[in-house]
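Down below are the structures I want you to see.
What follows is a pair of complexes built around chain A, which joins chain B in one and chain C in the other.
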Partner chain A sequence: MNGEHAFFIDHARCIGCHSCVQACEECDTHRGQSMIDLETIQRPDSVQTAPQVCMHCEDPVCAQVCPADAIKMTPDGVVQSALAPRCVGCSNCVLACPFGVPKYQVELDQMMKCDMCYDRTSVGKRPMCATVCPSQALAFTSRAEIERTRRGHAVNEWRFGGETVRTQVYVMVPAGVPAVRVDLLRRDGLQAAPRGAAPPVDDVAVLLGEA
Partner chain B sequence: MARLPVSVPDLVRRYGPHLNRAPAGGWAPAGEPDRVVPTHCCFCGQQCGIQLKVRRGKVVGFEPWEDFPFNRGKLCPKGVKRYLQDEHPDRLRAPLERRDGDFFAEVSWDAALDRTAREIRRIQDRHGADAVALLTGASLTNERAYLMGKFARVALRTPHIDYNGRLCMVSAAAASKRMLGIDRAANPWSDIPRAEVVLVVGANVAECAPITTDYLWQARENGARIIVLDPRLTPIARTVDLFIPVKPGGDIGVLNGMLHVMIGRGWIDRRFIADHTTGWDEVVEAVKPYTPEHGGAIAGVPPALIVRAAELWGPAKTSFLLHARGLEHHAKGVDNCMAAINLVLASGRIGREGCGYAMITGQGNGQGGREQGQKCDQLPGARDIENPDHRRHIAGLWGVPEASLPGKGLSAVPLVEAIHEGRIKGLLLLCFNPVVSLPDGNFVREALERLEFFAVIDFFLSETARYADLVLPGALMEEDEGTTTNVEGRVIHHRKVVDPPPGAREDWRIVCDLAARLGAGDKFAYRSPAEIFDELRAASRGGVADYYGITWDRIDREHGVAWPCPTLDHPGTPRLYEGARFHFPDGRARFQPVTWRPAAEPTDAEYPVVLTTGRVVAHYLSGTQTRRIGALVDQAPQPVCEMHPKLAATLGVADGDVVRIESRRGAITVRAQVVRTIRPDTVFVAYHWPGDRSANTLTVRAIDPVSHIPEFKVCAVRVTKVERPVDALAALPPEAGGLR
Partner chain C sequence: MSANPATAAGSDVTRATGWGLAVAALVVAGIYVGSRGLRDFDPALVSYAGASVFAAFGLGYRYAMWLRRPPTRLYWRRGWAIFAQKGARRHNLRVLGRLVWDNVVTQRFIERRSRVRWAAHWLIAWGCLLAAAVTFPLSFGWIRFETAPDSQQVYRAFVFGLHILSFRLDGWLAPLAFNVLDLAAVLVLAGLFLALWRRGRDRGALVVQQFASDLLPLALLFAVCVTGLFLTVSTHLLRGLQYGFLSQLHAATVILTLLYLPFGKFFHVFQRPAQLGVAFYKRAGEDGAPARCERCGEPFASRLHVDDLKQVEAALGVRYGLADGGHYQDLCPACRRKTLALAQGALWQAAGRGPERTETHG
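And then the complex of A and B:
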């Protein structure tokens, strides 16, 4: 992989167009199968969508829980799909991943997941999804370039209760947020949102004063 | 009489739309391609750079083209999957002749061309030259658009040629020509991120011009405030600084209201107005009544939103205004656009870095397609067909007497009305699917059934081509060569990637052969699209849209060249109106006073809901191409009726229920999608589908008096919950107009 570059997700930019999903399945190593999910959060209330690539944990839970030792990392930290000869199809990784990334492919009897387009990044290209993404909600560039061109800042630390997970993939958050806390869901939004920030209003009737 | 030869389900079974889901050779690892050809997407006006991978003479996939500056590798899902048209089972591979009651029969090219010429001659001999018409499209290359205009005026000698850009760009075009002098985006897209405030009016950028999203977000990263006007909370509206959920047709309430506030607060560039414009006093007078309260009542929004918009827009140092079909698709579309341009001129922020204005051109060659002479009132170079000097220039170049050039013909909607009335009896059509894309679809079908002779050039049997007497199989963009002009006015080069399939032919060859059979062979003796481009350059020379200095070599070297470009050493003109010089003899822009008027068909007790129509990101225009690509159909299989839960509650409709939407012109049946992201008084249906799922069955056949654009964005409907229909059309696959 190109050592200077990293993968960044900026959810505020996502427009839900599915380019990432459509382009992923065009990649040479897994043609016809997309390894990225685009979540529609709650369509009745909002148009918000969120792309989910593999976050490439520094100490990947999927690999820790694999009884067959089938999930390997490249020397530069990319977590790969399960090795086909080793994978026993137990789905431990599918259940354990805090981001819901690995998928057990029944027809292949193998876990497959996003490998950050290792075939592309290892020869200096950007991953397919981050190349085509029209909104650049998915971006593959240098830390310096992201900090120069984007508001907010990039974090790669996630706190799930007492558990901290560090990932190779960064996510853009407002300035002053050191990590993304996803342990406590409150009725008024994610704990990670800056205190005092209004929850998003996507109800047109509210905007019109008709609600 | 051109009725359908067999039933729709039978036609669908044979000619599709069927879904292509896998590239040539399947999904197995393809290995190294033999060639990777940099070219452009065939779809919308963004005209993104893309590389197509070719193996054994077939397109097998794509690779992003990161060097092309407009999109830097970015693509929307349509661009990603466009290559799946190439080896498609529905491709037409022989001319087809209708056999009533028995499909179409394959006939030879000679037989098809001979008959087409014979029928055209017969109709013209009996009823006059203007009894034959041409309908063309804005997804054609510049070369093909130019050829069609010349074919109409020289080979057919009919005034009646118009194009589906009439459904797209004409309101913006008329407003720009009247006020600024040139029908083109005033600025390159690179000016967007340099603006302090960006106003987006009636443009669902995320779905209809997805690549523009990154330009908007980059402006925001640089500190810009973004304002969006739309009846729906679109994906870009979700996170912008100010979203104004304007009622369809109410934009002038906001735009005039903003100007009213700006005048009151002194946020006006009086120096610019005095030095570089005319007509300001009339505009001041016109916007006097448009207090935020009055504007808000027209627009159906709280007055405070208008004041806030003026506060963001008014005092800014730099700004960019973008609009698209949401503002333009109205029987007052030109007035709407003029109200927007008034805001730009009043601020004096145009013609400089980070200061600009643009319409977001919709169709692939929406820009170039409207300059080369396929509009009913235009000659090449965006010249006026009624202007004696312009006529002499073109007649001289074409080697025909000026008096032989027809005058102004009918625009698309009146042209179809003339067919319906029997005044036009013969029609040649390409790159247009009016059965799906024109308003009042039942009327369009009736009109086509009345033609004495109807020939279509297309690569798939579109819903319109089903009515043809003869279908001539044409070529995809990547099977021919030529240029288009993108949303910025940048002329770009579509390379030929592969040959058309055996039996199909490049459109320009078909048209030239037809011209020869009509006795005009010497005027259409082109050996390549390059020769057509060279003639186009000369034809446009000295015109507003001057391409003379643009060559295919220059385009390749410079990643496109923006017109006007009058000489080979001219750098091109990415930004118009620099130095505040507008394209009028006195160099001054023209303010235009605008007064709001209601929609052609307001709601009433019988039809109490506003229907507005538009697009989704997975489909392009009438869907002839994208409804044949499996991955895109999976993403958006069928239209839905978006409605707010408040409206749904009054109708007793739950999410996923089947509803019947009825206007004075017809009815369709689709599933309801209940969402808070739309105004409670409005429903939305995307228009890409045919038959009983076609939004244009409902839309009103009302046109702008100046631009003749139809009012796709407002008509009156009623909505009722119904049982799922079980008829033969509903049972079709959704891509063919069925309902799931």
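And then the complex of A and C:
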């Protein structure tokens, strides 16, 4: 990776155009398959969409829970897809990743994930998604530049219950906020669904009765 | 987890060293017994046998260290327990047979990634297995050949000292028996060329491949095959030219490969069968209750898997327990992604304004 540049996600800028999803398929290490998820959030109340790339944790939980020791990091901190000779397709990484990133490819019986377009970033180019994102919700630039052009500041620290996770990828938060805290849904205005309750309507397809 | 990680690591190393020594001792005992108290042992092959004993130690050590990892240990125990369940053993044996055929014999799961990759892997794997099936028993003194006492034209084969078969030197079996390692070398070389051809054309592989883990094993196999074929060429085409030197060179490449076996890419030969245990684990999970996401209520994995993962995370020191008594592991991956965006949005709401844009960054 380019030492001066980092990856930033600014969810508020996402316009849901799917450019990142399409461009991701051009990455040489997983050509033809997109590793980006674009989620629609609380669809009845909001038009918000959220792109999710791998956050490239400093101490990735996916690698810790891998029974085959198949998930490795490059010297510059990029967490790679599972090594094909080792991955046993157990999906531990898929379930344990706090960001919901790794994908189990049923056809290949193997885990694959965003590797920050290592074919590009390892030679100083921007990842495909950040290159095509028209609103720069996904940006690959310097920290100084991102903080000059956006409100708030960039953080790379997350707290999931008692677990603190630091990532190579940053998100934009209001000034003075040191970390994003995810403490099951209730604190941040969300409610956990009662057991047996109908799932919340998040998706356009559900609203249109197509799902 | 142990209160003192340094002590735990130390005890893991001690235990793994013990396993390594036990496996090495087993191989030494196997050599001694199988060669009938070394009577059938060929001293010319002692360097191969010695390297094999070291490789056995390394494999035992690394396998034991690997099994100390909490997720590996859990799958190991669960996989065997599910496989050996009373009432299901016969069925499981049939399933295991199918899995071995698909995953080990034909290896068709690799074909789904790439046909060239599959062909390369299949040729290399079966070439190596064929060579190993000949080399190890020969160098351990488990197999020996001798000329029949009453005819120079008849060769006799012994396994563990027992006469198994005789064959004529001018028959069809003799050239096959004497050249089986050449045949193995040709299989491996064909696989190596395909593997290198694929690696040279696959831009994704070119980006992430590393010399030590991806190219060195191919180079070692190439050296073993080529120096082995040199021996045949020297014997049949060059009237034994430099045979002594070539046999030493071949021995050196084989020994280097054996020493590399436990520590490099070849370890996946021993690690990969875990895939069979995972297949049984997945079936058991599908037969049991599903885990439903605490947020959307949809099933997203087996309850067995999610509960086991919580144990693994606790053993690893991953603290996903939440302040309200919930557990982050009970959220499906899609709801996690949504939660992250919502949590970030909530921060802006709490700050009293949205993250307005000041200017567009190109």
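Everything below uses one rule, namely that the second predicted complex is superposed on the first by the 186 of 211 C-alpha atoms of A that agree within 3 Å, B and C clash if a C-alpha of one lies under 4 Å from a C-alpha of the other, contacts with A are read in each partner's own complex, and residues count from 1 in each chain.
In this section, a contact is a pair of C-beta atoms (placed from the backbone, for glycine too) under 8 Å apart; a residue touches a chain by one contact, two chains touch by 3 or more.
What you see is a predicted model, and the numbers here were worked out from it, not measured in a lab.
Of the two partner chains placed around the shared chain by superposition, chain B and chain C are both touched by A:Asp28. When both complexes are overlaid on chain A, the residue A:Val94 reaches chain C alone and has no touch with chain B. Of the two partner chains placed by the overlay, neither chain B nor chain C lies in contact with A:Glu147. Using the contact criterion defined above for the overlaid structures, shared-chain residue A:Arg13 touches chain B and also reaches chain C. A count of residues in chain A touched by chain B and by chain C gives the higher number to C. Applying the stated contact rule after C-alpha superposition, one finds that A:Ala84 touches chain C and leaves chain B untouched. With both structures placed on the common chain, the touch criterion links A:Thr131 to chain B but leaves chain C unconnected. Contacts of A:Val47 after superposition on the shared chain: chain B is touched, whereas chain C is not.
By the touch criterion defined above, A:Glu163 reaches chain C but does not reach chain B.
In the superposed model, A:Val171 makes contact with chain C only, not with chain B.
Comparing which residues of chain A touch chain B with which touch chain C, the overlap comprises 12-13, 28-29, 31, 48, 135-136, 149-151, 200, 202. Residues of chain A touching chain B in their complex: 12-19, 21-23, 25-26, 28-29, 31-32, 43-49, 126, 128, 131-136, 149-151, 200, 202-205, 207-210. The touching residues of chain A, when paired with chain C in their complex, are 10-13, 27-31, 37, 39, 41-42, 48, 50, 52, 61, 64-69, 74, 80, 84-86, 88-92, 94-101, 107-110, 115, 118-119, 122, 135-136, 139, 141, 145-146, 149-152, 158, 160-163, 171-174, 177, 180-190, 192-193, 195-200, 202. Remark: chain B residues 22, 27-30, 61-62, 64, 66, 73-77, 79-81, 206-207, 210-211, 213-214, 217-218, 220-221, 232-239, 243, 245, 300-302, 305, 617-618, 631-632, 635, 644-646, 655, 673-680 touch chain A in the complex.
Every residue of chain C that touches chain A in the complex is listed here, in rising order: 66, 69, 71-72, 74-75, 109, 112-113, 203-204, 207-208, 265, 268, 271-272, 274-275, 278, 281-282, 292-298, 300-301, 305-306, 309, 312-313, 316, 318-324, 326-329, 331-351, 354-362.
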